[in-house]
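Have a look at the structure below before the remarks.
By letter and in written order, the chains are A, B, C and D; residue numbering begins at 1 in each of them.
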Amino acid sequence: MRHLPALIIAIPLASAWIVPLTSLVSAWLARLISITALMFTTLACYGSLKHAMTLPGMRWSYTFGGWEASSHGGIPIGIEHVIDPVSGALATLVAALALLTVLYSGPQIPLRRQVRSGVYHGLLLTLTTGLLGMTITGDLFNLYVFLEITALSAYALLAKTGNRATLASLRYILVGTVAATFYLIGLGHLYAVTGTLNMADLSVRLSQVQDSRLIGFALILITLALLTKMAVFPFHSWQSDVYTYAPPMVIPFIAGTMSKVVAYTLFRLFYTICFVDGSVAHHVARQVLDVVGVVAAISLVAGSVLAIAQKDVRRMLAYSSTSQISAVALGLAIGNASALIGAFTLAANHAFAKACLFVAVGNFHHRSGAQNIEYLDRLGIRMPLTGIAFTIAALSIMGLPPTGGFFGKWYLLSGAVEKRAWGYVLAIVVGSLLSAVYFARVIERLYVGSFDGTGHSPSRGGTPRKFSKENLPFLMVAPMAILVIFTILVGFYNYDLVSGLLQYMLPAGVEWKS
Amino acid sequence: MEILMDDRPLYAVLVSLLAVPMIVWSGDRENLREVWTFAAAIFKLALVLSIAAVVSKGSLVVAHPIPLVHGFKLELVADPLGVIFALLASSLWIVTSIYSVGYMRAGKYQHQTGYFAFFAICLSATLGIAFAGNLITFFIFYEILTVATYPLVIHNRDQESVLGGRKYLIYTFIAGQCFLAAIVATGYLADGNLSFSPGGILATRLPGGEYMLPGNPTILRLVFVLFMIGVGVKAAIMPLHGWLPSAMVAPTPVSSLLHAVAVVKAGAFGCLRIVGFIYGVGLMEELGLNDFLAAFAVVTIIVGSLRALGSQNLKQRLAFSTVSQLSYIVLGAAIGSKDALIGAIFHVVAHGFMKITLFFCAGSIYTRYHTYHIPRLRGMGRKMPVTFAAFTIGACGIAGMPLVAGFLSKWNLALGAIHADRTILVAALVLSSLLNVAYFFPIIRDAFLESDDPVSFEECWWPVWIPPVITACCAVILGLNPNAFVGFFNLAELAAHGIVFGGG
Amino acid sequence: MTINMVYGHLEYYLVAILLVMGLYGMIASTNLMRKVMAMNIMQVAVIVFFISLASKQGAMAPVLPLDENHHVKSVLAHEVVNPLPHALMLTAIVVSVATTGLALALLIRINRHFGSLEESVILEKMVKE
Amino acid sequence: MTERIPGVLGEGVSTRTRWASLVLLGLFGALMIAASPGLPRVGDANSVPANHVADYYIEKGYEQTGVPNIVTAVLADYRGYDTMGETTVIFVAGLSCLLILGTQRTLRRVEELDLDSPFGSVVLDLGCRLLVPFILLFALYVVFHGHSSPGGGFQGGTFLAAAAILIRLVRGKGESWGFSRRQALIVASIGGSLYVWIGIIPMFYGKQFLDYSGLPLAVTDIPHLRAYGTLGIELGVALTVMGVLIIIFDCLLGKEE
């Protein structure tokens, strides 16, 4: 029980090393190991979250190698992992989605290609390790290492099929490395001024630093890096190609979790490190955050506008991700209690709903090879369960009342109104309107089909290959069903989610006026 | 106004939702499926009647609030205004179910299971709107109603209905977002209190008689405009009414219940809620908003009737007539005096019964002769005497003839206008009555007097021509004794009294 | 900018120049291989930055010397260079090796399929597909 | 076909983007230089980073971890968790190359060029035979002597890989000295697992993850025990780096089937 935070990383990493090895023996064994490993990881994450909630101050720090700062004169010499309500919940979310992805990708990899499936599962496990590490680490350089693990695993997984995916992945490498370099330079500046890499220690020492120009430069660099990784509007171009040409079994996981973990890093950078009242860092960070808010508002609208102009469903969903993650960033930028709760709710809702959308699109593609929107004719009727899953997830992202998206938008709006930021209110309203447009277009196509302008019954949707008769294997439908159920739960039990978990996620400075 | 804590409003809302899985499960076993619809309808009406009995004695039935968002709860409060709308919706649901069974089977439509399932969802959303205790509950059911009506509008799945559906979605989504922005702003201005309370929550009346305004007046006016856009689209106030005529592509039972009673009335009802329970009549006066609203209402009444005059399609004509009739309610709310409010609230009921009769007749004509084109209705009165008799009663009611319910609401509206010394509005009411006569009576004259072949009884299947008769009789009975059945008029007076005298 | 102000910060200007060169190389070059090389220049810039942070005037390498009877001599902090950035930069070097290796693998695959690494040629072929 | 590679200054890209990027990057450089006065002077012994955590490492490094080379101490012990992440990065690079170029057949120079002597030509043959043993010996020295002299797992692993790559360059995958891609993957996995399990074992003995003082070795004084722990992971890292570099080289070199 004492070692849960370490197990969260140790289990997937140990199995990541073994899986390619066992795949030389039998691919089936490799898949079994990765499934059990991810199951235990999810339990470890949930257990550590539950335990962390009981500790005073809800913060469970675990130092590696026995180098606790407390027993070494208060100097943070080792690397520390911190489990608090936000990182614990996000880690559980990541582990759960990873488990669903492994199950979902099962039937899509031919088992006869042993090494390839072993390598695929190995990379998926390292990707999960990277994301979990980024979520719960308490050390800025350690965060960079896990950022690189995530990025590299993502480059490889995305470049598997086809040469366009290779080009997209190469472009992703270039942009990702620029972002990582900016992060490192920013981190170097912070290290040069404070001498430490541990987040808790850094925030204490940063508050005594008077050089506002250097802190400003460091924060701008790190924020640029994180916004690029989150694919917010001005820096989003790499994402659409990557989501379009990547293998359909990986995209739900990457789309669902990566941008959320990076958004959490942005939250931690500003709210737990910089916001120490009265310090120069606080003042500079506030200004940088306002700029981030403006960029996020523009990206919220621009993302939706770009999504409307797309023909390919996955490219449309990629731009929709840009607009949704900038809504989360906007919540972080506004900063008061309800906006933050809105950002967390939207992040959770988007994780489940977007993963479910990509799984549904993957299922449509699996049976009918439909990629462009006009090939989706009447698929909602021929594949009813996938159609319903797509519609519910779409309604949830649109933000219609009984869904989680609505409550997230409600908190975000009340946060913006509280701050009298009418520009943000307008951006949120216009953004969700536009998101309704591009989703309604697809839903209508799914259920009513296309017209060739002559007004009589819809023409036979020409799908690239014949609609395969045998319906989807169970393992491709079950994850989708689970994701839809979670999307609905985030909506209906939103109050319990907020009062049970999200409420404790608020940083110290922000009070919840209950 | 003592409070009775009881979950009956919640059950009333949920009962038709529970029927949905049963309807979907029973699928193509039509008779079994219809049984579920009727059972839900009758049970719902019984529940609403029991609530009405309690409310008409002057007390409120409040369901235990369900926590929803931090600071706001899902409150279902049955107050006189809410009960009237609930009674109207649930009673007409039974009649419309009979009618739609006949209409669907006679016209051999497909997707009937989907049709009845979404119909039940719409009804539960309408009940939710009627019993909503605060703005956030109102908005949740308001949006569910929008989404649940869309599949019904595009029921025929052909090009025309899909375009109509698209237009409907665009209008209602824009309205929904403006409404949401307004609600959040009100939540902020009234610092965390969104629940409807008679006489308004935004302004506190100082003993000196004038108002202490929460924000500066321009923000209050902007928020009111946003509210009116949000509610006005559904209430088809003139610049925002575009979707209603093009939504007529839906099958006639849908147009009759939803687009004459449930959906559009939700808009008008919302307008009454905002004017009476959020802003309050006094604050409207203070900010000069009632003249602003009255202007829009009058324009809609007149231009609506003119457009009705111009259209040759019977359903289009009825649609524009609905647009103008709805603005009677908006006008009543704008005037703000007690009689005007009574007239407006009673018109909710009166117009409901009369307009549904007209739509039923249009539907039965279409089932029999597959046409809505008015010139082709010449001489049909003799072949379908019962339908056209009901049509005549409905038309007289809309025109405001005495002995039919329409007259009472117009009378009170005019009385209220005079009390609030806005006599020019009476002229508008008179002009609109003339226009009503102008676009209805030629149809009736051609139908009966033009041809001379003998009167024959070529009505279609009984469930298609009996419901218009029932609703026409109800309209007449309500005309004669407004407190028939459940005392609509008494409830209207209670509600109006609450609004004007601030829940005193 | 007084002289001793500039004197102590020459390395940081070198870092800035290297960074700008790397970024410009990535944006302006049309050959994909040239972009990957520019990416490497950028990664070197970070390494130079951290190492210049760690240096101390006249300090020796962070390996403790042995005294006459083969015991490790204890040493004061300012005599030895700051070891932490050096350890961090080992990681950065490893990461740059990994990304460059991966990028080269992708380049080979692109070259095999499109026959060239020139962006213009690749775009033509992609449009034709 | 040798196509003319455009000039260094990238005439290919449209002038507008070139000038826009120049202006933007110039601004970025100026911003960086403007922020640089806040940084400590290069070489200043009492700068902030030198006096907070680093001085602890220097003064107490050998005393706590038993490793005279402080960089190795920091790398393997104090921040051993970073290095585990690093090894994973290397492993991921290896897996990705397998995934992307995994299908190619490895180059077999000997059959194609039907040379007589196994190592291609007499000079190459003799050179190889002489060089490889010494490279391997030096590599092992670097791995195991990384404690008290500059070196360690990564550098040693690269030397081991260099020996294998020298053989491949000279004669392709020779039968006698076979080190196939499959074996490289096995070696890399073993190295990585060694590292992770050295981290996990202390947890069974009640210590934190990666706390080498919990290792069940028959050594009493703690610094010495930790030094052995560091040695263990250095070995793991060396094996991983060797395996991965061979995989990468093999994939890059392989020919389309």
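To be clear about the criterion, a contact is a pair of C-beta atoms (placed from the backbone, for glycine too) under 8 Å apart; a residue touches a chain by one contact, two chains touch by 3 or more.
The shown structure was predicted, so the numbers you read here are calculated from the model rather than taken from an experiment.
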item: Each chain counted as touching subunit A and subunit B at once; value: none
item: Chain closest to the middle, measuring from C-alpha centroids that were averaged per chain; value: A
item: Comparison of A-D and A-C by number of C-beta pairs in contact, larger one; value: A-D
item: Distance from subunit D to subunit A - Cα centre to Cα centre, in angstrom; value: 30
item: Centre-to-centre distance between subunit C and subunit A (centres being mean Cα positions), rounded to whole Å; value: 29
item: Centroid distance [mean C-alpha coordinates] between subunit D and subunit C, Å; value: 15
item: Cα-centroid distance, subunit B relative to subunit C, in whole angstrom; value: 71
item: Residues of subunit D whose C-beta touches two or more other chains; value: 32, 39-40, 47, 49-51, 53-54, 57, 79, 82, 85-86, 89, 92-93, 96, 100
item: Contacts with two or more other chains, residues of subunit A listed in rising order; value: 141, 145, 148, 152, 155-156, 159, 166, 185, 191-192
item: Complete list of chain pairs which touch one another; value: A-B, A-C, A-D, C-D
item: Footprint of subunit C on subunit A - complex, ascending; value: 141, 144-145, 148, 152, 155-156, 159, 163-164, 166-167, 169-170, 173-174, 177-178, 180-181, 184-185, 188, 191-192
item: Touching residues (chain side subunit B, partner subunit A) in the complex; value: 67-71, 136, 139-144, 147, 154, 157-160, 162, 165-166, 169, 173-174, 177-178, 180-181, 184-185, 187-188
item: Residues of subunit D defined as touching subunit C within the complex; value: 3, 5-6, 9-10, 12-13, 17-18, 21-22, 25-26, 28-29, 32-33, 36-37, 39-47, 49-51, 53-55, 57-59, 61-63, 68-71, 73-75, 79, 82-83, 85-86, 89-90, 92-93, 96-97, 100-101, 148-150, 154, 248, 251-252, 256
item: In the complex with subunit A, residue positions of subunit C that touch it; value: 15, 19, 22-23, 26, 32, 35-36, 39, 42-43, 45-46, 49-50, 53, 85, 88, 91-92, 95, 98-99, 102-103, 106-107, 109-110, 113-114, 122, 126
item: Residue numbers on subunit D that touch subunit A, as the complex places them; value: 31-32, 34-35, 38-40, 47-54, 56-57, 77-82, 84-86, 88-89, 91-93, 95-96, 98-100, 102, 182, 185-186, 189-190, 192-193, 196-197, 199-200, 203, 207-214
